[in-house]
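Chain lettering (A, B and C) follows the sequence in which the chains are written, and residue indices restart at 1 in each chain.
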Amino acid sequence: MAQVMREGPMPLATPELTAVTADRRWAGTRAWPAIRKFIATKPLGAAGGVIILMMVLTAIFADVLTPYDPYTVNQRVQFTAPSLSYWFGTDEFGRDVFTRIVYGARVALFIGLLAAFVGATAGALLGVISAYLGGRVDLYLQRLIDVMLAFPLLILALAIVTVLGRSVPNVILAIAIPIIPRTARIVRSNAMSIKENMYVEAARAVGGSHAWVILRHIIPNVMAPYLIMLTAQFGNAILVEASLSFLGLGTAEPTPSWGLMLSGSALSYAEKAAWLAVFPGLAISLAVFGFNLFGDSIRDALDPKLRHRS
Amino acid sequence: MHPESQWALSQAELEKLPGFGRDHAANLREAKRLLAEAGYPNGFRTALTNRNIKMPYVDLAVYLISAWKKIGVEAEHKVEETATWSQSRLNRDFELLLDPYGSTTVGDPDEMLDKFVTGQPENWGRMSDPVVDDLFSLQSKEMNEAKRIQLVKEMIKRILTKAWRIEGLWTTRLEVRTARLRNYEPMPSHWNNRRFEDAWLTAK
Amino acid sequence: MLRYILKRVLLMVPTLLGVALVVFLLMHVVPGDIALLILGAGEQGGDVNLSELEKVRHKLGLDRPLYVQFFSWVWGIVRLDFGNSLWTGAPVIEELWIRFPLTLEVAVFATLVSTLIAIPLGTLAAIRQDTWVDYIVRVISIGGLAIPNFWTGILLILFLVIYFQWSPPLVFVPLWEDPWENIKQLFWPIVTVGYRNAAVSTRLTRSAVLEVMREDYIRTAWAKGLREFLVVVKHTLKNAMLPVITIIGAELAFLMGGLVVTETVFTLNGLGRFIVDAILRRDIPVVQTMVLMTAFIIVFVNLIVDLLYAWLDPRISYGAHRAGQR
């Protein structure tokens, strides 16, 4: 991305461009010194990165880390308090809570990351196309985005889940859709200002096709807001997935999902089995916390001047 | 039929039927063998359509799915909320359905076993067996109590052997009342809600 | 400027119409029939008489062709007639009106309290940037963002019930009738909904103040030797408020989500739970009306926010050429 920036003719210095080119040293250097620098300058972000890494490793090595199966029902040990054999206790089906939380990391990561990625990418494409084509297309797409923004997320999620069913792909869709208009807005305003720069016109005058101009000039310049939005939405997507599952609109039993673990059982049995209400919530908070810390630092590194309205 | 009624099969009779035996390991082996015989040595994938309510729907499904896993049957849990579920049920749009029944007033076989007769509206699984139909109409007309129980038990045995329906939970309704409540009689069926016009509360 | 306002107001119409169309289609595409539910087909009494079904559907007007239903609904809205709930038969407006005060109170107080906390906290963190004060505020606000509000609600209730044997009252008493009863019921829900907004607003205030403080005119103020307080309050805050105000508009959508979840956890008879129940019952007029109203509020609030933006920042003027913004 930084390489592409240097080859084109120097554009007018807009804030986004200055920040990106200023960091070209970072992109070009070797990994380890760069990481050390990151840790030194942004300790909070590094902490977030550690949390994320731990979560990913937990998700990958779930089978190794847990002695129990997250699905097996064993009524005889239901509601055991946290102990040496059941670190986080068991739920009303006798399933080990620790195991389910570890496997829940897989669900949270998969759904959250994929939903954020799909939503941000689709939104960014929409924004770029809308800005680039301009005119009528832009007008209609903007109205579409307005409608998407005005529609309450919950109703949309409810409707999607009701029509299409409560499966993982549908939950991902339900989470991704609200992300699309927000990303589109930001990317579009960036792309608009780039488009108005002379060098785009120059590129077209020289004979570049639409696709080439978009690829070479516009997309690299919207990478910053896109990446910012993407990393910002990771944490949020995990939170939304938990909320939907809590309301009974996301993943269904017996899938181990943190939000799901907090619905039904936690509310009904919390008085006699408080551990059911505590641990899944801790897991959610920790995960979102890590992603937010990390995302914040990425944003600071990429573009400290970007004031985002969303 | 309700295990505490006179219509139900006794424990001994039940244990003779396939899958009801006490030896769990033997049951699993037999199940796997039957699957292999039917052409599914590694089990198969299916979907269980269920309603979005914790007890008894979702909870039973959690147990069923974990139990089926042991013989290699992977059931996807399709939880639908009430409106969708009742539509799926009406249109017979399911592979496996979790369907509760039995909240009846009297618990008579005419009420409860009606759904196994060909063509009946509540026969969600579209089960059809002329022997079952015969048995049902016979027991319906039978005046002799003992003979009727005999016919009903025959019918149950046949249905369970065919495994059209897998029995799940029987639930007991618990009503919690304050000691101050007087002259209140619960209705036999929980569909009839409650009658309070003759009840009153004492001061202490 | 006036032309801009007019243009924006006019633009609200196609947006709302678009929302109306989407929600109408959604409600009619979604499987599940309220007539079936009314006849009790959801329960074990599955023997649904098909002619009964037809009668109920006809009574509810569900057997008319789709476009007829859509236009009669839109026409009704123009005359401010939002129809009757298919479930209770009462006018939708009445059903909404009963629950409106509770939800409004929670929403307004949550936003108010959170803004009152966020502005001083965020400003403090900004002017003491990179000190321990700053780090603490940042960690608290990022942490606050990360904690799901339904979990907070559950923990709060658990805590109150176990340690204080106290549970929130179930009956809603309006604020003007009996403030204490009202607060007893709504205090914890307001906290549960509000802390997330507080976290977001704190972070935004901090970054906005930081940005403004780097501007030249602030440096001039320092150079002139003005006291810190004067510089911060008089010069910085006014300009830093822009993005903070914007966030109130943008966060509105998330606020509604927070309301639904909180009302579920605390068993409040508010609009959030109501719309979820209505969707589950396929009570079409209620859902359509509520979605439309929500959309209207969101669009309207965003318009106000944009106008405030223009008023507060004289560099922005709508109507003439604007750089890069919508």
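We adopt the following convention: a contact is a pair of C-beta atoms (placed from the backbone, for glycine too) under 8 Å apart; a residue touches a chain by one contact, two chains touch by 3 or more.
None of these values were measured; they are calculated from a predicted model.
Chemist: Taking each chain's centre as the mean of its Cα atoms, which chain lies farthest from chain A?
Modeler: Computed centres place B farthest from chain A.
Chemist: For this structure, I'd like the pair of chains sharing the most C-beta contacts.
Modeler: After counting contacts between each pair of chains, the winner is A-C.
Chemist: Where the CA atoms of chain B average out and where those of chain C average out, how many Å apart are those spots?
Modeler: Going by mean C-alpha positions, chain B sits 44 Å from chain C.
Chemist: Return the distance between the CA-based centres of chain A and chain C, expressed in whole Å.
Modeler: One centre to the other, that is 22 Å.
Chemist: For chain B, what residues touch not just one other chain but two or more?
Modeler: 81, 83-84
Chemist: If you look at chain A, which of its residues touch at least two other chains?
Modeler: Residues 162 of chain A each touch two or more of the other chains.
Chemist: Please set out, as single numbers or ranges, the residues of chain C touching at least two other chains.
Modeler: 30-32
Chemist: Taking the complex as given, what residues does chain C use to touch chain A?
Modeler: Per the stated touch rule, the residues are 11, 14-16, 18-19, 22-23, 26-27, 29-32, 135, 138-139, 142-143, 145-148, 150-151, 154-155, 158, 161-162, 207-208, 211, 243, 246-247, 250, 253-254, 256-257, 260-261, 264-265, 275-276, 279, 287, 291, 294-295, 298-299, 323-326.
Chemist: List the residues on chain B that touch chain C in their complex, please.
Modeler: It comes out as residues 81-90, 100-103, 121-122, 124, 191.
Chemist: Could you pull out which chain C residues touch chain B in their complex?
Modeler: Those in contact with chain B are residues 30-34, 36-37, 41-48, 280-282.
Chemist: Show which residues of chain B lie in contact with chain A when the two form their complex.
Modeler: Those residues of chain B that touch chain A are 52, 54, 58-59, 61-63, 65-67, 69, 76-81, 83-84.
Chemist: Going by the contact rule set out above, which residues of chain A touch chain C in the complex?
Modeler: Listed in rising order, the residues of chain A that touch chain C are 44, 142-144, 146-147, 149-155, 158-159, 162-163, 178, 185, 189-190, 192-193, 196, 235, 239, 242-243, 246-247, 259, 262, 266-267, 270-271, 274, 277-278, 280-281, 284-289, 292-293, 296, 305, 307, 309-310.
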